[in-house]
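Quick heads-up: structures coming right below.
Below are two complexes that have chain A in common, paired first with chain B and then with chain C.
== the complex of A and B ==
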């Protein structure tokens, strides 16, 4: 029994980080209606950034999370303002091609600079765990989950209480109305893209504590992010977090109870069930 | 009588000298064999890159060492990107570019692709490392393997496990097996399921846990292994997943009597030891290994240490060197680069002075060397140390191993 509880706890903790990763995708789509097919690649860039800083300066990844998030915010803002903005009104397949090209360029760049080998950060507490009532909790996973929850909370507070956040929500609700009242929609779209990139960058820092980074993992995480946001509801922030938790737990339990190599199959099964029963996602709104 | 050296005489003398020199050069050129062009196909990028690059170092140092021994080999290198389909296309490309022989590819799936290409094109293949038994069970005429099959590795590794229990007087009753779910892992798993009862091993396999070769996280798999409650942990891993597995075992405070890798890569790799530090200590790896008593081993190790001072001298290097030695030896005896002559020479191979532990390198009717032998290595003070068989041992084995919290 305790083993099952440990597995579920580990799945929930990992799911929190997945949720933060997928949140960026959901935020970008919810406001700009652009699907960021370079999502996983941006995360890998964040992972490599923290790897380099850790090796050069010896800084702990948690300390670097706001820095990496800020750096990716700037990158995301510039990308949207300089390139993606021109495609807002274009057909979806052109948007897909653009962001796919960005994804390929990012993967190739990381491959050229860092090579194909898997790398990770070494932290003193990498092997630590807590025992709480007989349940073992991995310290790194717990800290990563707390960081993810903190990130989600900060984002929620931003959208709820800041002027810019409210403006972005206004754009998402009614773009024409937002323009009529004088909001700079283009700038707000760029800020949103930056926020999405910052989310995925922060998630990348936290994920690097759990998995090794190499250029080829980007596509897997892009796909995972899509599954999570579709399950949770595209454009829904709580949906992204819920989707992350569900996928994290389903991977953990299915791997333990059935076969570890079938973990991904259950995530896809969950996606299919949601699409059949509630196509807008668990917490999404009908179109 | 005085002889005057005029222009005609000088010209005649120069022409005669030139003709004599040219005749000598022609004779010398005719005496030198055409070098063997060996196409080397390895995973030098992708998830097996670290190991593929290790093998490449073995091929690279073989050329100058064998040149000094009178062999003539040139390498043509290709990268499989750790994918069988790329291995196939790269092998075909090397053949189009003039490779007389192929060698590679470390990974069993990629090696199987090479074997098919080799057979289709009638170009001999010398396998450096690749353990799937099926590769030499297809009736191929052009494929030669100097590496033990998964069955031989499993059988030899299990025998050494029995020797370990005998040497230490401690015998676990149950074991769990975590196995990477690729061509090699599946072959090993099948071999163990047959050999454990057949060899009368004293433990029972209570759980077998396959996992994805490219898994990013093995927490669930290790939790399952811990829940099985077995006394001994057997692991058929690669390098990265071996590291992930050990890390999770420490985090989950899963402390079996010992962790043994029977015939698999990973545990003896320098990256494994460097990344895990004290937690890599006392891990066992039962594998083919270099024979410290062979003169050629000492020569190769010395040259390797000078050429690649930061890199490990391990079985990837040893078997890759031997692959070039086998190819070059066959080429010298064949006296040509003709494929049929090379194949006949390979079939007649008999190399006593070698690098790896075992008898002389010879191939049976299926192209398999059946006389490689295994050693049991235990990581001690950050180094893979031979602990069995006793005749080759550098230290006594430690079993059961200290718990994670007792490591310093």
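== the complex of A and C ==
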């Protein structure tokens, strides 16, 4: 019994990080209506940045989280300003092709620079764990989850209380209305894309403590982020978190009870069931 | 014949005749390498045409077409390996499986109001789900693959689909031309106009009394069946099947890039897109193995996609057609 509790707790903790990753995708879609097909690719870029900083400067990954998030914010902002903004009102397949091209270029760039081998970051507390009433909790997993929750809280506060955050929500609710009252929608869209990139970048840093990185995992994480946001509800912030937790637990349990290679099958099954029963997602609003 | 040619500009008909003649004569002059590349081009062109019916004509975005390739391939190959069933009969079974899967996915999605981006992601989910199931499906070899007995290349055996790349080349060329003719006919018939109405504005189409649900399912099913034919041929051409490549999401993406690059919803776009992308990819492979940098090939491929979507977002074919003055109809 305690084994199961430990596994569920581990799944929930990983799920927090998944939630932060998916939140980035959800925020971008919720505001700009663009599906970021390069989401996992952005995360992998962030992961390699951590790897380099860790090897060159010996910095702890946790310390680097804000730095990487800031770096990806700038990257995401520039990408939206320079490229994606022109495609806001274009057909979906053109947006898809554009972001697919960006994704291919990001993956092949990381492949050119870092090669195809799987790498990870070494921290000296990698194997520490806590025992709470018989339940084992990995230290890195707990720290990653706390980092993710912190990121989500910061984002929530930003959207709730800052002027820019409120303006972005106004754009999401009514783009024309936002333009009428004088908001600079293009800039706000770029800020949103930057925030989405920062979320996934931060999630990448935290996730690097739990998984190895290699260029081709990017597509898997793009898909994973899709599953999570659709399950939770595209455009809904609490939905992304709930979806992350659900997928985290489902992966952990199916990996333990059935077969590790079947874990993503259960996630896809979850997605199919949710789409058919409640297409707007568990916490999404009807369009 | 009368219906086929009505409304086709003279220059376009002439250009098509030239194209067909050149393609028919190609294996007589070209070496085996060129023929094998052209087989890849035709696979890509035909798959693009099949996908184009669903997305280009009826406006339903599928990102999981590898599912139908895989069903066509696995059903026909497994029946051949286990029961010795001739490929063409196995192909029919594969088409039936794809039709069932396609209509089921479409019926479920459209009944529950899953459309647009959500529908596209649902198609990915079904394809990936099936990929993992086949990875653990021992009867068809699981993740270690399903192998067909290697062909005796001395003589082409059309009945058992064992033979040279040139034989597959002609089969695929015939398929591609049939798909071209089918697309041409469909766009002139009631169903084609209904699909385009649904693509442009589903609610308006419904208001006009079009049975949107039924016509959308028809588009998905037809596209799935056509895709399964290519899947079965691919199984007998490659002689090996692995779930991780046959059902791969990368394959789904390859299927849709050619028609988008060529020109979505156009008849010749998928063929042009297949030529451009396959030749580009082959050139890059040769070039990058000469230079020896991992990833350079994909980078240039990505950069080319980016350039095309920025410069010619409607695709290359509408632009080329205007350049060649093929659309000056003698109406």
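Keep this in mind: the second predicted complex is superposed on the first by the 287 of 287 C-alpha atoms of A that agree within 3 Å, B and C clash if a C-alpha of one lies under 4 Å from a C-alpha of the other, contacts with A are read in each partner's own complex, and residues count from 1 in each chain.
Everything below uses one rule, namely that a contact is a pair of C-beta atoms (placed from the backbone, for glycine too) under 8 Å apart; a residue touches a chain by one contact, two chains touch by 3 or more.
Note that the structure is predicted; figures quoted are calculated from it, not measured.
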Self-check item: When chain B and chain C are modelled together on chain A, clash or fit
Solution: fit
Practice problem: Have a look at where A:128 lands relative to chain B and chain C in the superposition and call it first, second, both or neither. | Solution: first
Quiz item: Once the shared chain is lined up, is A:41 touching chain B (first), chain C (second), both, or neither of them?
Solution: neither
Practice problem: With the two complexes superposed on chain A, say which partner A:104 touches: chain B (first), chain C (second), both, or neither. | Solution: second
Exercise. With the two complexes superposed on chain A, say which partner A:268 touches: chain B (first), chain C (second), both, or neither.
Key: second
Exercise. Applying the touch criterion given at the start, work out whether A:115 contacts chain B, chain C, both or neither, answering first, second, both or neither.
Key: both
Quiz item: From the CA centre of chain A, what is the angle out to the CA centres of chain B and chain C, nearest 10°?
Solution: 70
Quiz item: Should A:252 be classified as contacting the first partner (chain B), the second (chain C), both, or neither?
Solution: first
Practice problem: Check the superposed model and tell me the shortest C-alpha distance between chain B and chain C, rounded to whole Å. | Solution: 5
Quiz prompt | On chain A, the residue positions that both chain B and chain C contact, one per complex | solution = 115-116, 259, 261
Quiz item: Where on chain A does chain B make contact in their complex?
Solution: 3, 6-7, 10, 14, 115-118, 120, 122, 126-129, 131, 136, 138-140, 210-212, 214, 216-217, 220, 251-252, 255-256, 259-261, 263
Quiz item: Okay, in this complex, where on chain C does chain A touch?
Solution: 55, 61, 108-109, 112-114, 116-118, 120-122, 124-126, 128-129, 132-133, 135-136, 143, 249-250, 253, 256-257, 260-261, 264, 293-299, 301-303, 305-306, 309-310, 313
Quiz item: Can you list the residues on chain A that touch chain C in the complex?
Solution: 35, 90, 92-94, 96-98, 100-105, 107-112, 115-116, 215, 219, 223, 226-227, 230, 234, 259, 261-262, 264-265, 268-269, 271-272, 275-277, 279
Self-check item: In the complex, chain B residues that touch chain A
Solution: 45-47, 49-50, 181, 209-212, 215-221, 223-224, 226-227, 240, 244, 247, 250-253, 275, 279, 404
